[in-house]
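As written, the chain order gives the labels A, B, C and D, with residue 1 at the start of each chain.
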Amino acid sequence: MEHIVEMLNVSKSFPGILANDDISIQLRKGEIHALLGENGAGKSTLMSILFGLYKADSGVIKVRGKEVQIHNPNVANALGIGMVHQHFKLVHNFTVTENIILGIEPVNGPFLKTADASRRIKELSVRYGLDVDPDARIEDISVGMQQRVEILKMLYRDAEVLIFDEPTAVLTPQEIVDLMKIMRNLKAEDKSIILITHKLKEIKAIAERCTVIRRGKVVGTVDVAGTSTQVMAEMMVGRQVSFKVDKRDREPGEVVLDIKDLCVQSSRKTQAVKNFSLQVRRGEILGLAGVDGNGQTELVEALTGLRKAESGSILFMGKDMTHASIRGRIRGGMAHIPEDRQKRGLVLDYTMEENFILEIYGLEPFSKRGFINRKAIRAHAAKLMDAFDVRAGQGTLSIARTMSGGNQQKAIVGREISHDPELLIAVQPTRGLDVGSIEYIHKRLVEQRDGGKAVLLVSLELDEVMDLSDRIAVISHGELTGMKLPAETNEGEIGLMMAGVASGGHA
Amino acid sequence: MNRTRSLFTALAAVLLGLVAGAIFMALTGADPFKGYSFLFRGGLMNLERIGNTLASATTLVLTGLSVAFAFRTGLFSIGAAGQMLIGGLVATALGLSLELSKPLMLFVMLLGAALGGALWASIPGYLKAKFNVHEVVSTIMMNWLAYWVVYYSIPAYFKGTFLETESRRIPEYASLRVDWLSDLFKGSYINLGLILAIGATAIIALILNRTTLGYELKAVGFNRHAAEYAGIDVSRNIIMALGISGALAGLAGATFYAGYSVNMQIGVLPAAGLDGIAVALLGANSPWGVFASAVFFGILHSGKGFMNAMTDIPPEIGDTIIATIIYFAATSVLFVRFYDFLRRKFKKEA
Amino acid sequence: AKTEKAPVAALKVGMVTDAGTIDDKSFNQGTWEGILRAGTELGVETKYLKPTGTTEADYIKEIGNLYDAGFKFIVTPGFKFETSIFQAQTKYADAKFVLIDGNPHSGDYTPVVGANTVSIFFAEHEAGFVAGYAAALQIQAGEFGFIGGMEIPAVQKFNWGFQQGVAYANANAGTKIVLKAENVVYQGSFSDVAAGQQIAASMFDKGVTAIFCAAGGVGVGAINEAKSRAVAGKTAWIIGVDVDQYPEGIYDGTKSIILTSAMKGIGTAAFDMIKAELDGKFPGGQTLVFNAKNNGIGIPAANPNLSADVQAKVQAVFALLQSGAVVVADVQGTLIK
Amino acid sequence: METIFSVFPYAIAYTMPLLAAALGGLYCERSGVVNIGLEGLMVVGSFTSAMVISGLQASMGPSALWVGLAAAMVIGAAFSLLHAVASINLKANQVISGTAINMIAGALTVFLARNITGSGNVRITMGFIQRDIPLLSDIPVLGPLFFSKTYATTWLVLALVAISWVVIYKTPFGLRLRACGEHPQTADAAGISVYRMRYIAVMISGALAGLAGAVILVTYSSEFNGSVSGLGFLALAALIFGQWKPAGILGSTFFFGIAATVANVSQVIPAFSRIPGLLLKAFPYVVTLAALVLFSKSSQAPRAAGEPFDQGKR
């Protein structure tokens, strides 16, 4: 069988770490090849080498059987290799067309000639079922659309080999379904695809072969059809992984959070949350399902005090907290795992120990009469890093910025749980994490519930909501469209409610 | 480890700046070795000159701290000059209007100067916190406003009998100069401001490294959103950060106009304001680093004239050398890389 | 005579500059040029230092630097040196000091001119008077203006004298020159060239034909404005200050928009003091006034912009000043600002 | 009203160097490099043109002025390389490197001027002459405001602004430039050399700031003295105020120009004489602050401005 791309014995090290250790991987023409590995295993690094962003320390890359030197993305482009990066490479205030033609602009004399490009983008968009408006500005379109722009960028450059780095981590379930469809269309046009994902279900659904990497080394390449997800997960993590969350039944207790007729405005001054009412009780995980952008962000921000509530009320532990300060809510027993860990969750330039006291630096023993107690802080950090398995090069003194996303996330989860909150608002707690880490975080959330605390889980991952929740609330267009018990419903029904099509009764 | 690195960087910057200065000297036909020996002798040759060097450094320590403190909290303030003027104006006004015992007088003056500087700086702080106005622009505007406020208020309320352009002389009981200190340094212009500067350095170091206030301020500086998430009042902290920075500059103004100088002149934006940026930079924004770099600048400032007097090196070269040092400090990454390279090499061989 | 020359070469003359640079075309430069002349003609060694600031401490520091380097004859221009020289004359008792435009005092304005110090004043008001009178005679009728830098004594005196000169011409020579209060301004700096241009332009537009500028860089802007008006064929005159600014106003070969200049002989004063020292006649302890009487001030003798008739009449008034028949006030009194 | 007409041309003259410098800042920041060194680069431009023009004026006459402008642009661009190397290659803090540029420029030019000419002030005998544009200056209202007493350099600077608008929004270069300032990693992935683009942008800013300094010299100042009295900083303010857009800075610099001119000439206008001097002098700065309050909420700053480009950063 013809290999369109071969990476042979590739190694790459960063200061203090061997990110790729003698990795070989072969991509057949017209195949979808999954790349699986723990956070920090070296997947993105490997693909960045293929795309010419990094230079390998050693190893050979062959494209269509010929050895090549890929010094920079231009060479990759010329070889027909395109990449959708983990973090999109789009200019937010450019139009779709401008983003796509960037670097290979069609000109009329000295001037840009966008009309033809727009037309061609339109054609490509129709042909692959992408449905993208070439004249829309990036900041005005959804994340799913932005990803399609990235795909169009590759297609516009006539890429034969398409690399997707965790494309589904940012997508809604519906968008994931659409993306799968698009990938199949691409495959039908004889494109070859490398897909990096942590979601085994997706690999099962779409990939033919899967190469598993652990700590920079290839563990093996398997045929997806003949390998169970369990086996793949074990290959990757090096131990047994349980997907099912162990969770005994438990009677929920009194109401901890009581939201009544809450209305919240979005940053664009539109009504993002409308007359929303909900109760969360002790000893339960309440899952809030919904398509991204349906008011979850605004709801959570209103609950935590980051955003003003227009009307309605928030009762927390029996007290009216509608207009309480952020700190007042934290002190009152509310904890929050934020949606965007780098924007809100961490001070990236602070060390780990400084990050662990972000909300409690003012309390004893971490400070006394305004003076910081380093020793207590260090001990606290060491304890948490140990308890939550946060790995970092320089221990408690590691700068947060230098840590992998997975470890950053675990640190935040650990910090919030360590406050022993009455209510934990967990937004997308496992976004972008590998199955090992997901398992770990899920366990902690359940422990919280079992300890008689309340958890409000806001997630775009339907699986996660279904697995963890005791009750599932669905939000659509800022309104509560249903409340179900997991045992009495299924993904299909919830999906319809999320789309605002069917409305469910109250559980 | 980080500290050694900054120190290395600063020293390398100074060294390269001096080398560049030597090249300039040689180009003008002067002997660099002679030039530098006179430069340092001019700053350090006897007690009086050491005193004068420290007197020059006093103001720079405070403006340097002002800039560095703002910097550490994520703000780039160019407003030290204006805040100095306001601090100096308040101190001068109090010194010329009240009659108190010297210790009380000085306390009142310094307090007033700090408050004045703080208030003046908190205006850009407020504009930044509430309206997202860029502090670089607003502090520049505030500098000119301060310039004109002083320009009109000194002649209107505090001028002497003959001169429209400067205030009356600060009376002895309102001056930071004290005899025992002047005598100790053989009649130099050194004044109590130096002790204030040392105290301020220690306090700022303490605030930044050991207090919850410093923790909050830095958190806001690094990541506004995360600070807000953690329940820190972001607006208050921005205003506070610039306020403290302004208080330092205000104190600088008091030490300058009521210590180093003997009255207040109008129509001058004090150079120590902008120099504070350079001082902070060379001191890697760490309080004691700022102190050391201010002393170094003090040597340059007071030794320059002696060098010019003893050699044929033109007066402008002193400024060129200082500027070159700053440039090298700005490009310090180069030295850090070199330093890391050396370390690695050393480690391997060890 | 030759034996007398030996100590001559040994004299080292230093100068500390005031705010502004040694090239300010005003009193720093004027003083320095006098010292340089002494360098070439009398063989003294010369040096100037530029202080880092304009405070008393900055000045004394540079005086100390000069002294420590062996420069024991020190010239300082500007009233800002008054308190520094007061201290220096005692501290450096074996050095000689020449303070131009000021009197040493301890801060209380009571002059204490040490035995090793000479204080030099210029009768700027007389210079302004002569220039104002000459300009009025030449222009005959119309409006004049005045632009000052900051309200420092020398500039104020130029201004007051100028007003009196114009008034004198109106009263005694039948000229009809108007000086409106709004056209007498202090810009607020000695450096804002753009403001100088703009203020001059609006004065000219309102009908002013000649502006007396005692404003450093601000005056440069005014001169530029006058030049470009002159090129366009319009009437626009500037009256220069301190030195003969005629060359700076040249716009077309030899034509200049400098009508005349109110000069004070700073360079000569500095030179004279050095020479006096070499001759052993240093007038230590004295306060010298350079005025019309001793030809220390005046307007340029040669100037194509003033008619011979005007020159002659100015000579006559100058003689009256010298004789004391005409007295110019050096205080504001009822004058504008 | 009459006064407004009469000072308007001077407001425009005062605006042009600001505009040119702000335009330079615009290129620079649009590429992702903050340039606090505009002030120093203007000084370099003023120095260069003064040296060239004073040297050539006797032999060449008026055309020496144009040579001086060109030389200022070339040397300004060359000098800006100091900032480019520091902030692009060495990943220095850009604000600090810019501050260093200001200090070096101020000290070095005076030093050189003294060494070469013997004086730290360099004068030229004649700058550009203000001229009325035939026909256009006769249009009522607009004529006296915009087409009377104009300097040739005014039209040059305005043309540069117009050209810049086209370059930035209508050419591949502009698209790439903006991409580098917004999201350099994107530009990099698209095969654009971010380093090269930033070098070009910094040098353009050097050339334009140099031009700005020279324009001051050949219009209202005609003398180099080692300073441009804070205009570079004001240009920076105008850039922010103008929201990093060519048309925006045209507006904001005019605003500054008029405010400053009004403040300057108000002293000589009897109607203003009752207003305290402080208020008049404070006027331009206060209105600037007020305007910033109104416009800053929705800042359009290039997102990557001030950040050294790091290829590996994600």
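Throughout what follows, contacts are C-beta pairs under 8 Å (C-beta built on N, C-alpha and C of every residue); 3 or more make two chains touch, one makes a residue touch a chain.
Values in this document were obtained by computation on a predicted structure and should not be read as measured data.
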Tell me which of A-B and C-D has more C-beta pairs in contact.
C-D
For chain D, which other chain has the most distant CA centre?
A
Mean-CA-position distance for chain B and chain A (Å)
47
Taking the mean of the C-alpha atoms as each chain's centre, how many Å separate chain C from chain D?
35
Per the C-alpha means, the centres of chain B and chain D lie apart by a whole-Å value of 29
Between chain A and chain C, tell me the centre distance in angstrom, where each centre is the average of that chain's C-alpha atoms.
76
Which residues belonging to chain B are in contact with no fewer than two other chains?
151
Among the residues of chain C, which ones contact at least 2 other chains?
188
Determine the shape of the graph in which chains are vertices and touching pairs are edges (line, ring, star, complete, other).
other
All pairs of touching chains, please: list them by chain label.
A-B, A-D, B-C, B-D, C-D
In their complex, what parts of chain C are in touch with chain D?
21-25, 145, 181-183, 185, 187-188, 191-195, 197-199, 201-203, 205-206, 217, 220-221, 224-225, 227-228, 231-232, 248, 250-251
Would you mind writing out the residues of chain C in touch with chain B in their complex?
14, 19, 47-57, 60-62, 64-66, 68-69, 71, 79-80, 83, 91, 107-109, 150-153, 156, 188-189
In the complex formed with chain A, which residues of chain D make contact?
166, 170-172, 175-176, 178-179, 182-183, 185-192, 300, 303, 311-312, 314
Tell me, which parts of chain B touch chain D in their complex?
24, 28, 76, 78, 127, 131-134, 136-138, 140-142, 144-145, 148-149, 151-153, 277-278, 281, 314, 316-317, 319-320, 322-324, 326-327, 329-334
Please output the residues of chain B touching chain C within their complex, sorted ascending.
42, 48, 52, 55-56, 151, 155, 160-165, 169, 187, 189, 260-263, 265-268, 270-271, 301-302, 304-306, 308-310, 315
